[in-house]
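There are structures below to look over.
What follows is a pair of complexes built around chain A, which joins chain B in one and chain C in the other.
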Partner chain A sequence: MSVLDLLAAIRPEFDFRASDDFFAEGLLDSLDLITLVADLEKAYGVRIDGMAIVPENFRNLEAIDRLLGEAGARP
Partner chain B sequence: MNLRFAGKRISGLLTILPAHERLFVDEMANYNFSPARSLKLKEVMGYDRRRLVDGPVCVSDLAVAGFEHLFAKGQLAPSDIGALVVVTQSPDYLMPGTASVIHGRLGLGHDVFCVDINQGCAGFVVGLMQAFMLLDQPAIAKVALVNGDVLSRKVSPRDRNSYPLIGDGAAITIVERDASAATIHASLKMDGSRGGALTIPAGGMRQPCSAETAELHEDAEGNARAADHLVMDGSAVFNFVMTEVPALVEGLLRDTGTPADAVGAFLFHQPNRFMLQKLAEKLGVPYDKMPSNVVERFGNSSGVTIPVATASNFAERLRHERLRVCFAGFGVGLTWSALLMELGPLEFCEMIDFPSQGADHG
Partner chain C sequence: MQTNVLDYFEHGALRHCPDKVAIVDGGQRLSFAELAARAKRCAARLVERADLLNSPVAVFLPKGADVVVADLGIAYSGNVYMNLDVKLPAQRLRNILAHVAPHLVISSRALAAEATAAGAQAAHLVFIEDLVAEPGDGRPGFDEAMLAARRARVIDTDPLCLINTSGSTGTPKAVALSHRGTVDFMDWVFDTFAFDETMVIGSLSPFYFDIYTLELNACLARGATLVVIPESLAIFPAKLMAFLAEHAVSFLFWVPSIMVHIAKLGLLEAVPLPALKTVFFAGEVFPTRHLNHWRRALPGAMFVNLYGPIEIHVDCTYFIVDREFADDEPLPIGFPCRNTDILILDEHDAPCADGQLGELCVRGSSLALGYWNDREKTAKAFVQNPLNRRYPEWIYRTGDLAVRRANGEIHLAGRKDFQVKHMGYRIELPEIEHHVIGVPGIANACVLYHAGKKEITLFYEVEADAVEPAAIRSHLATLLPKYMLPTAFHPMPQLPRNPNGKIDRNGLKNTLEESTP
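Moving on to the complex of A and B:
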């Protein structure tokens, strides 16, 4: 499942490709972030460090890809 | 600040939880979110069932029921209690203190040191520290530490950040001298400059309750709450816990030369399952050594969650065995604390229900 699919499963009403900042633009809130982290960990078999769970690291698709890379997820 | 205590032990522990159980799935309609989003959160955070007081039940009601249970079973006598330390953020009254209320209702003697401490999720560890210090007085042979909160009465039922996880309850922990006890090591830190991350804005002298403070306002995330209600900056609290708590616990283990695998159980405050699993990962502790099942079974009752985690997961073992435990509490203040000690065999380690009163405040 792609990151985009996971995001769409959380908030199907939004187009995440069109946003540069999911939090500032109201596509995700702080509790959605927790759900997203759990979904990403499950889908990509990684563990995301608790210190990295801040909105800046999940604010857009590029930031999430970068974080997944750092966590050791295979592209 | 690092503290150490010699010749002290916990001899018994009792939790008193309201019998009234609420289910998250029955309350999802209260929140301004789709059922699908709420159900995903239920899975990740562990929202499921929790215990709430009904009607005007107060901390002293739960505590008095607990003491009467101990007196009836002969596990404690009123004359044993040399000090009564009550840790709560939801006192019966602004004055007198809840310790005095409980003292009066139990008919305790005049030579009992009574004190309230306003602490939250670190309140079990802070209360233990206070109890250990009181035991340095020869006149005090046993301290009854009461942790209690009925904070569901101060959380908006339309606040998805806090209401699904809040629980009510009380715990009585008996602490006494024991010359053969191993030294207890503790660490405590405070940062009042970040206190606004977890607060009830109205109800004190700064902003007394009024019609205005009771008005609900919706925040950017769709939660409705009033100034009378508890408000938590979830992101700030999460970041605080992840930044400060592992460093504190690792420091305590390092300073005492204790490898993590020599600790039998990491009994931490129970904010939610996700945060506890992240703490376990950060500390390199297996999930089964750090219970995270209290929110899903009983709710987060602030300073009561460590006794609940202890009694609900380890009661049988602790009645017969000695376990090296690491307690950690963190939250309101902001305060973060950890304590390393030998626990058990306990004279009692039990959970009882406080009967439902029939009314419903939700």
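Moving on to the complex of A and C:
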């Protein structure tokens, strides 16, 4: 599953490609972020460090891709 | 004896430490004296607008110092505050306002459009900016004697505030809480725990929750400082932890979900919290594995599990965590707070023996006054104590199932009905079903909660064409708060039925639990 698919499963009503800041624009909240981190860890076989769960790493698709790359994701 | 929660303030922080910081809210710091001056100006202007007593006033403001000012202003005016969640869908707010019928709604100019959309009529809408503004002539803007006289007209059993909670028939219920119940609970807290002016409270819970009652009164009575945690931080646990460390927060009263999340992310090791001395938690079960983690990380801190539905003033049982619990060993809700008695009744309303499962019922001054403007629901939940036939005495039937062990410790064991706790919020699943059935194209629905995955799961039957989950969520988002929206969707050609034709909830529940580990 792509990051986009995971996001769409969490919030089917939003178009995540059209947003540059998921939090500022209200696409994701704290409940969603908890789900997203768990889903990403499962789908990509990575462990996301607690200190890495900051806005800069989850703001948009690009940021999440970068974070996954740094965490050594194997899609 | 004290009759009004404002006596806490007048004889507590305001007398002993008027210049100490009462509230930290972003860049804003209010001392107790400033808080009192604003609240009293607010009260005086509320009285000018409407000379009423014991009448509800809604507060439609985002969490922050202004809400505290408004609540105290309403209390000083002799009236009843009702804090609203400004993020609720407009339709739900309209239902609440129509049902409670507050005589005024306090909002701000910035939120005026939202308040109006939520059904606040111009004639009832007042702005906090105007209520707290200084008269500019050097005078205080309120008459202390007039406010004291109004305070004297409010007796202890009069309502202090209203808190809204999910109702199974589609409309929230407004629970009316009194000065007496609040004072009784807080006096017990102050006699049991060391609350003083060195306390720094890290306030994460919304002000429309009852946790706020404890946080606020600890400040008013004991001079504790309330630090409002910015909502944006709650999303990012690492930032949240850094905030607690930076503000040297010493007391938390949180729901376990976020604490579990912090423990799982390894943040307790990454961010030390040497100032944190006392942690209260309530609202849902704290898995002992994660509680153990917290206790190991903060060996000097006291952890207290509290339990109590909103129909009780804050909480009615407590358990000071005094030992290590095995992973997944259930944590007791403990023992009754002062002036509270816990009855565990069987299906014939007879008291259960130790170890026997029954419904947890509460008696004592901790009971709420009832549901505002709803005698019928009040009469169903607040009933005559079946063990007392001599004089009228109410008990509150919580609907929670519980067991009392031989050592007196009480343990929760599920629900009698379809109410669940999700992320600390209390939700009546039939309320969600009621609104799902209103979605165009849906014939029938059953909502279940997967406790392991913390998912609100919707099973639904369509009339003809498929209905997409996105369409259902979009529709429900206009009626229900975010935390009540289903996150898992199972369309079915037909929902399974019992022999008597009712939807087979147990069958669906088994399917749900078997399909996912």
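In this text, the second predicted complex is superposed on the first by the 74 of 75 C-alpha atoms of A that agree within 3 Å, B and C clash if a C-alpha of one lies under 4 Å from a C-alpha of the other, contacts with A are read in each partner's own complex, and residues count from 1 in each chain.
Going forward, a contact is a pair of C-beta atoms (placed from the backbone, for glycine too) under 8 Å apart; a residue touches a chain by one contact, two chains touch by 3 or more.
Computed from a predicted model, the values in this text were never measured in an experiment.
By the touch criterion defined above, A:A43 lies against neither chain B nor chain C after alignment on the C-alpha atoms of chain A. With both structures placed on the common chain, the touch criterion links A:P55 to chain B and to chain C. Of the two partner chains placed around the shared chain by superposition, chain B and chain C are both touched by A:L31. On chain A, the surface touched by chain B in one complex and the surface touched by chain C in the other have residues 10-11, 29-31, 33-35, 49-51, 53-55 in common. Note for the complex: chain A touches chain B at residues 10-11, 26, 29-35, 37-38, 47, 49-51, 53-55.
Within the complex formed with chain A, the chain B residues making contact are 37, 40-41, 43-45, 160-161, 220-222, 234-235, 238-239, 241-243, 246, 274-275, 278-279, 281-282. Considering their complex, residues 232, 234-239, 258, 261-262, 264-267, 270, 423, 468-470, 473-474, 477, 482-483, 487 of chain C touch chain A. Across the complex, chain A meets chain C through its residues 10-13, 23, 28-31, 33-35, 49-55.
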